[in-house]
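Same chain, two partners: subunit A is paired with subunit B first, then with subunit C.
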Partner chain A sequence: MSGYDRAITMFSPDGHLFQVEYAQEAVKKGSTAVGVRGNNVVVLGVEKKAVAKLQEDRTVRKICQLDDHVLMAFAGLTADARVLIKQARVECQSHKLTVEDPVTLEYITRYVASLKQRYTQSNGRRPFGISCLITGFDNDKTPRLYQTDPSGTYHEWKANAIGRNAKTVREFLEKNYTPENVATEEQTVKLAIKALLEVVQSGGKNLEVAIMREDSKLSMLEVSEIEKVVAVVEKEKEEEAATKKKESKSESK
Partner chain B sequence: PPLADICGFQTPKPGGLVSSLDHDNEEYCGNFSANSTISLPPFANPGTNLGRVLKDESGNDIPMNFDHGTTTLGFKYQGGVLLAVDSRATGGMYIGSGSVKKIIEINRYLLGTMAGGAADCTYWERVLSKQCRLYELRNRERISVAAASKILSNIAYNYKGMGLSMGVMVAGYDKRGPGLYYVDSDGERTPGNCFSVGSGSIYAYGVLDAGYRHDLTDEEAYDLGRRAIYHATFRDAASGGIVRVYHMKPTGFEVISEQDCKELHYMYAAEKQ
Partner chain C sequence: MECLIGMQFDDFVMVAADQTNARSIMVMKSDQDKFCQLSDKLVMAVSGESGDTTQFAEFIARNIQLYKMRNGYELSPTAAANYTRRQLADYLRSRTPYQVNLLLAGFDEESGKPELYMMDYLASMIKTKYAAHGYGGFFTTALMDCHYRSNMTRQQAYNLMIECVKEVQKRLVINLPNFAVLVIDKEGVSRMDTINPTVIANAA
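The block that comes next holds the complex of A and B.
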């Protein structure tokens, strides 16, 4: 096995592209990002790593705008993400120029995924060490959420998480995502934050949340607004724990 | 000097084991494989200099008149887009053909007209068909009229100043409704409700502008388009032959009529009685 992970263009005897798999490991080390597709909003939430005392807070932006109607969050190597974001932004405008229509989410996701795939099949290049959550609204006002990974594959999701502890968050989402739970903007935001709180230390200061609405208006939630939702979520959790305790007490009697 | 030298062809080295037909195709017809980026003539400023190359051994001009002269028109109305064209091809004072198909079927929802250089229009509209089909396959939805016309105009702009001659209307039906664009070899691309292109367009505009309304019925629209082309064929020497009328509907295009302008002449004359 060890001889087949230098030149990335080579397969191992059992069919693995090790460099791609190592890139996926790098993604698993990145801070968590979650995306939820609601009825008429899409929400992206990311874990903000604690910054050093002297560091300015806002220079670390993990949610980026690719176009008026397209948002992207990523997990993994930030520097790699910069390259992809730059090219994706140009492609969004290029498409608008030649086709006279804004990109569909599927198109730009396919573009980003193709870029990533190209780097898994080029001499002397390593794959991009990031997974992306690309979300927004198509021209016909349909909300969409896509995920890409370092191998260059992409899939559409109702809700997904990437980065550290993504599995835990995804399992939470699988249990708690229902069309009723994402019917309004408020509920969708609450679900996204609740999912993130499963793996992130509580506190609005540790979360960055972005909402995009049907009319392609983007808004980044203020810390105070996030803290409000966090408080509600915590309270609900406590109430749930209390009722469970009561039930188990009455049962054991 | 041998023909090969004049044309600038390099004679292949003798004694090769290469299959000669394929080799000749590659060597002399690179345009077959790269059909969207064709090679330019082997001299500078082809747009202005093409005429100068055409000289025989004694230095006399070889007259090569491209097939120009035409009348085409298109307009949007409540029932979609109507296109009407003539079918005469002239090279100078010589009528090359009386039955040219000046409406090119790009696909079921896109039509292109032909005016100017017949070869230029036909060739690049066929390349446009290829690009439109690839778009459909890649994006799983039909290309918009705006995007299709932009592909053609970008191609034309690429060759700007190099001697292409095209005055084309791209008509179609897409999500936004009926679409009509005028695209020409100067790189112009204009959306609009009503266009006429060609040497006979001045006559067609007269009739068209007099009778055009957005709320024409289908029959009225067919009659207006037909009449406008007929009047152009009557006065313009370079227009004539068969008057073809096409209707672009939400469900695709339909060929409405193809009548000889002589027939129409006697028909309209009888109406006047």
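The block that comes next holds the complex of A and C.
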């Protein structure tokens, strides 16, 4: 096995591209990002890594706007993400220049994924160590959420998480995502924050949440607004725990 | 053949462009929009070589949007104007120069002032209170010299624009019946009534 994981251009005997898989490991080290597709909004939430005392907090940006109607969050190597974002932004404008229409979410996801795939098949270059959550609204106002990974594959999701502890968050979402739960903007935001709180230290300062609405208006939630939702979620959790305790007490009686 | 007129006032800029699209003796269209919106408070009116106009305008517009995406804020009118002029200049001494004359009108949010820039196909640029491109410019510049006041209201400015258009229609051998008029102020870009024969008749 040790011979086959050096070069990206070599398959291992059992059909693995180890460099790509190692890239996926790099993604798992990145801070968590979650995306939820609601009825008429899309929400992206990311875990904000604690910054050093002397570091300016606002320079750490994990949610980026690719175009007026496209938002992206990533997990993994930030520098790699910068390269992809730069190219994706140019492609968004280039597309508008050639065909006079804004990109569809699928198109730009496919573009980013193709870029990533190219780097898994050329010599001398390692794969991108990031997974992306690309979300937004198509021209016909349908909300979309796509995920790409270092191998260059992409899929559409109703809700997904990437990065550290993504599995936990995804399981939570699988249990709690229903069309009713994401009918309004408020509910969608609450679901996204609740999912993130499963794995992130509680507190508005540790989360960054972005909402994009049908009319392509982007808003980043203020810390105070996030704190409000966090407080509601915590209260609900406490109430749930309290009722469970009561039930188990009454059962044991 | 095409006429572009622009005037900058204390708190807004007004730009007018004729709406005639003609090739040789044939008028293709008399309601063409020669404006290109570069961003929320920036508009460019282009005239010149057919094809170059659209190509250049869209190219500049997309690059201005790209700047916004990359940096999170929009270019100021000054920066955008200089960028546009730089593009014109770079392409001038290449195999494929752009033959476009343009007026760039915008509202600078930081200074709170409207701005008007006039550029020609040789990439010269001036920032000015009022300007005009085309043969129509010969007649309208003199009119604006006479009647322009920087503290005019929108209605007064519109009336001055109508006077300019009337003069162009009276003295220019080519028929330019319609002029589209845009106003850029701190609220953004808004369209005024297109100056056409009915409007002129009513104003008289």
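Methods note: the second predicted complex is superposed on the first by the 253 of 253 C-alpha atoms of A that agree within 3 Å, B and C clash if a C-alpha of one lies under 4 Å from a C-alpha of the other, contacts with A are read in each partner's own complex, and residues count from 1 in each chain.
Quick note on the criterion: a contact is a pair of C-beta atoms (placed from the backbone, for glycine too) under 8 Å apart; a residue touches a chain by one contact, two chains touch by 3 or more.
This is a predicted model, so every value here is computed, not measured.
S.K.: I'd like to know which partner A:66 touches here: subunit B for first, subunit C for second, both or neither.
M.R.: second
S.K.: Classify the contacts of A:86 with the two partner chains as first (subunit B alone), second (subunit C alone), both, or neither.
M.R.: second
S.K.: After superposition on the shared chain, which partner residues are touched by A:107: those of subunit B (first), subunit C (second), both, or neither?
M.R.: A:107 contacts subunit B only, not subunit C.
S.K.: Looking at the overlay, what does A:153 touch: subunit B (first), subunit C (second), both, or neither?
M.R.: Neither partner.
S.K.: Per the overlay, which chain contacts more subunit A residues, subunit B or subunit C?
M.R.: C
S.K.: Now for A:121: first (subunit B), second (subunit C), both, or neither, which partner does it touch?
M.R.: In the superposition, A:121 touches no partner, neither subunit B nor subunit C.
S.K.: After lining up the shared chain so the two structures overlap, which partner does A:94 touch, if you call subunit B first and subunit C second: first, second, both or neither?
M.R.: second
S.K.: For subunit A, what residues appear in both contact lists, the one with subunit B and the one with subunit C?
M.R.: none
S.K.: Touching residues of subunit A toward subunit C in the complex: what are they?
M.R.: Its residues touching subunit C are 65-67, 86, 89-90, 92-94, 96-97.
S.K.: Inside the complex, what are the residues of subunit B that reach subunit A?
M.R.: 139, 144, 146-147, 150-151, 154
S.K.: Please output the residues of subunit C touching subunit A within their complex, sorted ascending.
M.R.: 58-59, 62-63, 65-66, 69-70, 72
S.K.: Sort out for me which residues of subunit A touch subunit B in the complex.
M.R.: 98-101, 104, 106-107
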